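Down below are the structures I want you to see.
Here chain A shows up in two complexes: once beside chain B, once beside chain C.
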Partner chain A sequence: MTVAMKVEASADRIQARKRGARAGQRWGNALFILPFLVVYLLMLVIPLFKGIWISLLEVDMLSNSADFVGLDNYVELFSDEIFIGAVLNTFYFVLISTPVFIALGLALALALNRPGRTGATLRAIFFGSSVLSVTIVTLVWKLVLMPHHGMLANITESVGLPSLSLLTSETWALPTIAVVTVWWIIGLPMMLFLAALQQIPREIYEAAALDNASRWRTLWSITLPSIRRTVALVAIIEVILQFQLFGQAQLMTQGGPNNSSRPIVQFIYEAGFRNWELGYAAAASQVLFAMMLVAMAFQVWLSSRKQAY
Partner chain B sequence: MTGINLRGIDKRYGSVDVINNFELQINPGEFLVFLGPSGCGKSTLMRMIAGLEEVSAGEIHVAGRDVTHLAPGARDIAMVFQHYALYPHMTVYDNMAFGLRNVGVPRDEIDRRVQEAARMLELVPLLERKPVEMSGGQRQRVAIGRAVVKEPLAFLFDEPLSNLDAALRGRTRIELARLHQRLKTTMIFVTHDQVEAMTLATRIVVMNAGRIEQLGRPMEIYHRPATRFVAGFIGSPAMNFLDVDRIEAPNGFVAVRLPDGTTVQTSVPAAGLPTQSKLTLGVRPEALSIGAAEESDVLVGNAEVVERLGDQTFAHIALRNGELVIVQAGADSTISVGDLVGVRLDHSAVHLFDQSGIAYHAQARSVA
Partner chain C sequence: MTKKSLIKSIVGVALAAALTQPVAAQQETEVTLSRFFGSCEADYGSVADVTKARGECGIITALVNKFNTTNELGVVVKPQVAEWATYYDQLTARLAARDVPTIAVMHESVLGDFVARKLVEPLDEGFEQVGIDTANFTEQAARGTIIDGTTYAMPFDTWAWLWHFNLNLFEQAGLTQADGSPVLPKNPDELLIQARQFKDATGKPYFGWITAGESVAPTRTFLTLVNQQGGELFRDNGHRIDMQGKEADIALNLMKQLWNEGHIKQGLDYSGAQQAYLNGDVGINVNGTWVIDNFVAASQKAGSPLEDGYTVVPFATLYDQKAVFADGHSWVMLKGGAKNEKERAGALAFLKFLWDHNYEWSRTGHLPVSKSIIDSEEFHSLPFRTNILEISSTGRTMPSNVARQRAVETIIGEEISNMMLSDKPADDVKQSIEKRVNRLISK
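Right, the complex of A and B next:
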């Protein structure tokens, strides 16, 4: 009996020692991610909490003082018509641009997923515009859309239609910005889709051909299910990016006409850097952050549900 | 004409001629095996029959119908790929049903065929699984099942067993043989494994560099290889080749002198053999046996390597002129490395090859 207990006890000790050794090793491994953690903390986590803190203050930049005002900034925000308008504009913009990024990006990828020089050239052209800066893109498009003398005006005039001025129309200003944005950065979704398409083994398509699958059937039953994760990825990336719409709106419409194209980031910019209401701007930033978080959570949930099927 | 008929098939990739004027008649119900070294064009040929690759010239007829320019799905042919090519996001059931749904087979007929194939291939418990949730062997069975449910005119298999481990390969080979007995459908099978070819085939096509080296029944190819290439390719360990000189023999059969001076009287008839004096003697390890070095008419050499496989022993003997021959000794052979031995030669089982590689066989050998 005692012998048995001793044996058991020593076995326990050995086990404990083993466990300890393993745990020590694990802490050693953590060193490898330390540089990342430090940067992550300094550059992301701390500013995030600092931002939340500032949003609870009434900051006076001139006297360099700040008073704690609780949720006053938020209350004020939600009764600010311009802010509510900016929120709706941003949602509207994300809602019209993200599906286009997915559909058009996928269509381009499908069309250009072929060997040979033509495909490579077209891929380079479509991706090329992504490297331009927003100032150049908006400048080019302002020239295109210029009333009376722009390219679009010339075209509509030559076929006898009245001259359109899209950027000064409350209905069309934001969709036009969406078109410009898609034109500008459609390259990234296209490349992501191309990479995903090239991962699909050729043999599967050959099996489908032997299985009498039509082109649509192949697209629907073979290609799309195979790139489901990439569709989700592109959707998430685009939602994150397009919620942050700023440069195009600032440079093409300045948020007008009648605030119809002002996105949240522009609102934040104006509040913080024009009116110097730092607490107010920080509060608006937190709202944007919360909106993006909710949208992302919804998408992750949606795509995980599809995958479980 | 039923079966599959390949007429003057050419295949070029750019300027590279992969297959040139290929002619072959595949009989209905036959299990035909394409055997050949890597890169000889087996897959290309198979893919042209399936319609996955265009022919550069020539015609393909399946069951009397010209399918040369038909889409793969319209040829009534099923193919099993080396890497299975299952649809990864579909269940086993859907993988098998996909092709049938595409051509509008009624739902209950699909179910009947899938269930029957699943029973035959022991896939019933796996029907709701996805390919990632299965082992390689199970996936291969699904791939076979997907072909079977189509009830095609012919099955094409492109090295279907090469991704399986040795034991599973053996078992699947037997399953395939049973499947063929049961369905009696034409099967065309590509491999570079000669054991698969020998055991499965009703006829073997030995290919080399896009040409047919020999077409025949397995034992015929083993015993009467048409060329030196076939002789060297079939059989493991490979046939021994020795350069010999033809010498005068009065009895109507060829006699040759080996490099070490030994003369060998073969049973190869002299008639029909070209008169050139340089020949190659081919002899399989099992036609050689170990004797004492002092015997007459033996090749003398030292044992360099002895491989004991349990049921048999292979001795690698370095002859006096440095050439190495492999001899199949009995399981209980006591030969050991370094021994000086004599190698006896079964004169009735030797082959001679002329300078262009054409084979001439000993007369006594009957074709099994």
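Right, the complex of A and C next:
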């Protein structure tokens, strides 16, 4: 047997073993993802379809009695001015809070992306509020914002301005909730941006320094393009999170005044647990799901276009 | 120690634990108690002498402690405390999840919804066994807990909507009588004149109302004003609300005028309204019976703006009829809550204990529900109780045939708050109430 024949025979054997190995392990490998699949099916897929089914029923949550009503819940929803208001509020909230999360998160990350104790301490402080529960955060801020006796009132009154009542103002209630939300969970975007910044090779900055590039030019031409995937990631995470605004609004304003701060999740909660209309609540949940899906798809499409460019 | 003896020791300890554990478990019957009224373990967690407790939270905590230490049945009551604003949401979720407490506190206005869905145990037989005499229920309590001849709850109190006065400020405004009691307005015009006089003299608003963060408070004021005019809001056997009557119009306009003229301190939520009153920033705090004891305590504190200057009366009668919004707290046993006969017996024993201690609960400020206690010298000697005794006959709630009363109260209150906080026109408010409430109760 020549060397060439030996090599060929050996290659055939390896090929056969590989084919056999693939065929033998194909189903066995699936076991590794089985636990995830089971949990995914039980916790996400089945509830999703069950939710869609419930939205076609009129269900009394207390007695658990149900009648099939088709699309009536959806028709009723779109003529419900409280629901329409909640949809608009939710979009408004996402619109005002997401850019702040990106801009402020990035600014903090840029400012604190340095070695040393001061940087580490400040990073811990800014991330610290994220570990607090929504109850604590809203309680603290209600004390700050309390008309006449809160910290803000003390400040405004000390400089001769009238006491502000931001949570009872139709114009300011939702932006105030946005401020509280940003204060609460700005830590996560900051950390994500910090991680991204630390991945940028030093050499690029050194080259830019040799070229005498200004700090602004370095930021614009090196830093931002290098972290654009993280910007997209933060934007997607924040849109998903802020569409689900609930605790802050429920605890600080209860959706008021005049429905100006009621988000969709609060509407769903009230329909289900206060009014006991589970079918109606499920229909509103499907609308929220569709909205989030569209927003996500749009964002993914947008970020993929930018990368291609 | 050898390996063998070590194994022996471990087995011995495990056996001992296994043998003693069931005995301990057998001795104790656990009764879960779902309630609001707050949590005050830090102050009253170990207090079993009820006479030393004050306020709703203190007294109910001490009552549970006393029952747990004195009952001879081996029953241990485990309170499960929820914040009151979300109490029913949580209870609904627990029922849906089949995590049913043995006993739950329930407003009498809410009871009908649970009875209609057959979620509450009838209690007549159990009451007979433990010796709770339903004939001793006050008229108001019986009306709230006995439905179609069957008793579904043990009444705990009757509460109502009151005016809590800062007499020191009223005296400064020249609005007190010779005996020191406040001059009460007898009609809306007198009310406005008094409020203006009060503001001129003290520079402070007449009222501290809850207008933010809690929706039911404006409803209670509104329903009181409507009832005082003899108005009826609900039609078609409780399936429709009609806001077009002149009584609703008059009530809304009065509330709006008081707001616009600055006679109601603005932007107050529940705790803000309490604080404003205790700080002496308003003349009258419109709130329920449950704060009487706390305000009495504040008036006994040296240096407090309320020092020796507190009194309370039912919401002043401004129209033809005496009427005030009233409701009551009661205790129910939910179906599926008691897992066995022992737990059921334990729960009934606890209800009997609460019934026997109804006087202690009435120290909070609520009216007792036992005729023998409400007529007793002991109760009459509590501060200001004679001022509010009339509630038992003038108290009015929503008609019992109106379903989902908690949601209805919230919607009405939200819309009235919109009128004050957001300048929503009264006609739009009426229209929104009709649209939102009728969607709920017409089904």
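FYI, the second predicted complex is superposed on the first by the 282 of 309 C-alpha atoms of A that agree within 3 Å, B and C clash if a C-alpha of one lies under 4 Å from a C-alpha of the other, contacts with A are read in each partner's own complex, and residues count from 1 in each chain.
As a convention for this text, a residue touches a chain if its C-beta (ideal position, glycine included) is under 8 Å from a C-beta of that chain, and two chains touch if they have at least 3 such contacts.
None of the values given here were measured: they were computed from a predicted structure.
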{"item": "Clash or fit, chain B versus chain C on superposed chain A", "value": "fit"}
{"item": "Which of chain B and chain C A:G247 touches, first, second, both or neither", "value": "neither"}
{"item": "Partner chain in contact with A:G51 - chain B first, chain C second, else both or neither", "value": "neither"}
{"item": "Residues of chain A touched, compared between chain B and chain C (which is higher)", "value": "C"}
{"item": "Partner chain in contact with A:G119 - chain B first, chain C second, else both or neither", "value": "neither"}
{"item": "Which superposed partner A:A207 touches (first chain B, second chain C, both, neither)", "value": "first"}
{"item": "Touching partner for A:P225 - first (chain B), second (chain C), both, neither", "value": "first"}
{"item": "Chain B versus chain C as contact partner of A:R217, first or second or both or neither", "value": "first"}
{"item": "Partner chain(s) touched by A:E170 [first = chain B, second = chain C, both, neither]", "value": "second"}
{"item": "Shortest CA-CA distance between chain B and chain C [superposed frame, angstrom]", "value": "51"}
{"item": "Footprint overlap on chain A, comparing chain B with chain C", "value": "none"}
{"item": "Of all residues in chain C, those that touch chain A in their complex", "value": "88-89, 92-93, 95-96, 113-114, 117-119, 211-215, 265-269, 272, 275-276, 279, 281, 404, 406-407, 410, 414, 417-418, 421-422, 424, 432, 435-436, 439-440, 443"}
{"item": "Touch list for chain A against partner chain B, complex", "value": "201, 203-204, 206-214, 217, 221-222, 225-226, 228"}
{"item": "Complex contact set, residues of chain B against chain A", "value": "50-52, 71-74, 77-79, 81, 83, 85-90, 98-99, 102-103, 146"}
{"item": "Residues on chain A engaged by chain C in the complex (per definition of touch)", "value": "58, 60-64, 76, 80-82, 142, 146-149, 163, 165, 167-170, 252-260, 269, 273-277"}
